[in-house]
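Same chain, two partners: chain A is paired with chain B first, then with chain C.
What follows is the complex of A and B.
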């Protein structure tokens, strides 16, 4: 397999040419003759070394976005508009083999459940080595195995040379997720996607795996897209946050700004729903459920649950516009920054 | 791994013993009484007692059972009550007919079922998938004797007429080197085909179901995310974890084939295990029946053991013996 035809360095001028640029990405789910919009015109860019967290409730479209980038949308879903550009290459227009070359090469993904995401019948070392040999032509089996052991050691697996011969079921959840990370960074990707990578793990293990993930990112200089609903994860790893609601971006901005001065009522609701040790205030859940993608309300999709909603929210779709003094802070709300 | 295989082998011994007891009781208690058969024509009132003593049938059942097993294990299977031929010779001849038939039917069916099942699972809902589905149901529903007669008619008569040949079509294929393989192929082609139709139909459905489940699994998504080719995703990652279910059904069917394929052998007039069983049942030939059933039982148990070994080879989680599970 040959390497994908992606330029090593972005040719465009400027230090922050994006690794990944999504431009108006839309994804539709067709089921039983009906169509539902899962992602609606999402635009997003990641620069090298940057970590962007994608947050929102289940069903907001976070994972679909990640899978769309990887070209791994499940049956029934398809991209209906927009562009996905990875290091200058338009992935939606790319041939199947170019896309395969990019998967596991220039971009790699770590999934939620390391229990089911590793192949149960192959040794973990062999699974990492397979990733290496798929993308690096001319690496012998023995060299790939040695590299795999080295990768396992780098993600903090003790006695990596022995553990490489383990099967996934012989490892703990945290160790398995380290194997997934080793597999993902095997070809020094420029984009690393972590989809709820710590959600299935014990809390104590979560922090370790996050640390491994951050180190791996720093070593490879990759941009990282972290899909999570855990705002603790966001605070500890992300540079920027993108809050998604019902397939659209509700608010995005630098992590400090969004977490301390949230402008969208939905972001405020998410933050109020986080239990805190240092405050006596009770946890407040956001009332109601996210709308079904098959029955999206008119106007702002959040208005049915929003304390600030009025007639304008019902009539008019809010668009994502710059907000406040902080660069990069943008909100899609008619009452952005309104009374909390 | 070998510890596991040894354990499975040991576990099949009680199964074999239980089967042998049941077979013995079944044939002795519900089968024909050989003494009565022998005395049918006799006017001697002492005949029954005399023949029973002669055959050892007056002893207690456990003693008779042990005697029977000792004879089976030491290879002294006695003579057929019908033809006075050695039972070991009868069964040996029948096996020489049945084993190649069963073997080639399993090989052909396994290959075809995997190809059909994989194609269907990779393209669910496609024209090919629907075609295979219809063919599979037709294959399962088609009675073997009917299909057998049809292909005999077609290959030994219709095609010969159509092509104006002087011999049935298979015998018109030249065999210049006089190879025995060609002769066997001529003989086996039609029965293997008839037997395979049903096996392929069933097995391909299992393969399709198992693989299409598997292809929706998370580890397959990981394989794709690694950038593997679709061929490698399906044939290496998908097949490896989906093959255990096919192994199970193949083992069950293959084990049963050792016992002969009564209908197919009948239709093609092959003197195999199935034909032998029919004759032994008709004649109440208990000397044939008991070794026959033991052999068939051993065949089933060996096939299951082979499946157990295959599970262990395919799935490391089955080999529970070593390692440090969490």
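What follows is the complex of A and C.
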């Protein structure tokens, strides 16, 4: 693996001991007798209070990465290499019951669709209270209910004590997503994962929910992994950004560096393809489409769409290496920073 | 714009009845989906209808296509009122007004070869004999291989299916294409490809587009004029550049300020108006201005009557209309305590 090595035992007392560390994570999908690599040696680390955005197009492996961390990979996918370490515990070696304890406890995930994440037949307050009682032994039902109302208030639900008695269908999408956030932060997780959590919301509601998410993270001090395809959301919430393409990290670094001085042709292409509010300039498309994981090109997977590609890109896998002057900026490209 | 517009929509209203629930509760009420919407589209022009879910933009699209019948108001296409048309006359108009929907997965029959689907409007127009010559031409027009005609929808990606849907719409040489969220389901790099294709085709064939979208940045990119919808009303309309550079209506301002900017420096410094609460229900919309319950500038007078769209002024803002007497100064300014 080409990733920078992580210390074997993250020291809990260290100043920037990562909350989550992925080291060379690989995930394979087996389907109809064929195998495809979905994640290929992905390494990244999140420190407490830090927000990292994972961006890329459909099929880049963003959601698979999040699901792998949660131990929720769908049937047919399995981890074939690497490590996932949450607060010093290797999750890949953890028992099923330890994983269950961690999910909703030390780590919590907010999904895109709150409609299907909430139980339709239970009141939302009861669902938040259940999350509390599942992970905190000795909390009485009454205490859990009171805490649930307080959490609903904290995520900005008006008249929280009354709305706690609502069923999910009585709430709007934005309100339901707030309930999901309340549930996610109920046990003060160290890691929050938001997978396209605002994608299905209207833009004015998205603005509200992003504020709630940022506040919730600040209050809990959790590290946050935000999976999104929206570069505006990235600029709004993230400290660092990780750009994925075809199961690998193409570029990563501080959000200001990557979004204003991108060095990977794919990152540049993505930014040029985004329509902007303040200019009528036509968007520039990236030609072609992402490769199928079953037919990954040799060498650099982006070379089939890349304006800078040459023979070397076909022959040789680019590795993720430090780039430029900004600390933490890394690029996997033979022509990193080349002519735009 | 000079001459008669290609499409003129005047006072369009669509109410959907809501029946009581299955337990005998609730009374029969009405969803005010579209409530007095007027606009025009000139030949070769792109008008974007933009707004959030439930604002009525897709209902307008379906009314223009005559997939729904209007409760009131008129739709005039090339000088002919199409609201009451039927039979051959309606078929003639339908040749000239085609559509591309958002979801490229549900708009193709999974068991038909895509060539047959692309030829469907031709068949409907009684021009089946043209199909063998026309289909390969259309596929190449939208950047697909002519041989694609023999394949099935599942063999295509979302972006390619959207190209197929565009080819199908163009098969009968329409004058107006209704594009209902045509790029919303696509990844950004593919979205840019489809937007570029739509722009090319528009120039090449002089097409007019009614472009329905919730994405303001996309609208900025494609539209000549824009109409901002809120709960069944148009609250602001005008040349795209004017509306985006100088939004007047408090709703337009809030909407624009809610879009996060991919430039991190600007994103940290830009003005932000975060609206409180949920949008009101179209079943029981607020009286008067329907935005007043979430508006920081609302006065008591806003509840009294529905504000009309009025011209903002002359010069660069010609054609820029806003439905807010408070901002336009026709009503007393908000008290300092606001």
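By definition in this document, the second predicted complex is superposed on the first by the 326 of 340 C-alpha atoms of A that agree within 3 Å, B and C clash if a C-alpha of one lies under 4 Å from a C-alpha of the other, contacts with A are read in each partner's own complex, and residues count from 1 in each chain.
Note that a contact is a pair of C-beta atoms (placed from the backbone, for glycine too) under 8 Å apart; a residue touches a chain by one contact, two chains touch by 3 or more.
Note that the structure is predicted; figures quoted are calculated from it, not measured.
With both complexes placed on chain A, chain A has more residues touched by C than by the other of chain B and chain C. Shared-chain residue A:169: touches chain B; no touch with chain C. Within the superposed three-chain model, A:116 lies in touch with chain B and out of touch with chain C [touch as defined at top]. Of the two partner chains, chain C is the only one touched by A:260; chain B is not. Of the two partner chains, chain C is the only one that A:57 touches; chain B does not reach it.
Of the two partner chains placed by superposition, only chain C is touched by A:275; chain B is not. Once the two complexes are overlaid on the shared chain, A:136 sits clear of chain B and of chain C alike. In the superposition on chain A, the residues of chain A touched by chain B in one structure and by chain C in the other are 172.
Partner chain C is touched in their complex by these residues of chain A: 57-58, 158, 172, 174-175, 202-208, 210-211, 229-236, 255-256, 259-260, 269-280, 282-287, 289.
Listed in rising order, the residues of chain A touching chain B in the complex are 1, 70, 72, 100-105, 108-109, 111, 113, 116-122, 130-131, 134-135, 166-167, 169-173, 180, 183.
Residues 52-53, 157, 159, 187-193, 195-196, 199, 214-218, 220-221, 240-241, 244, 254-265, 267, 272, 274-275, 277-279 of chain C are the ones touching chain A in the complex. Looking at the complex, you find that chain B touches chain A at residues 217-219, 221-229, 237, 240-241, 314-317, 323-326.
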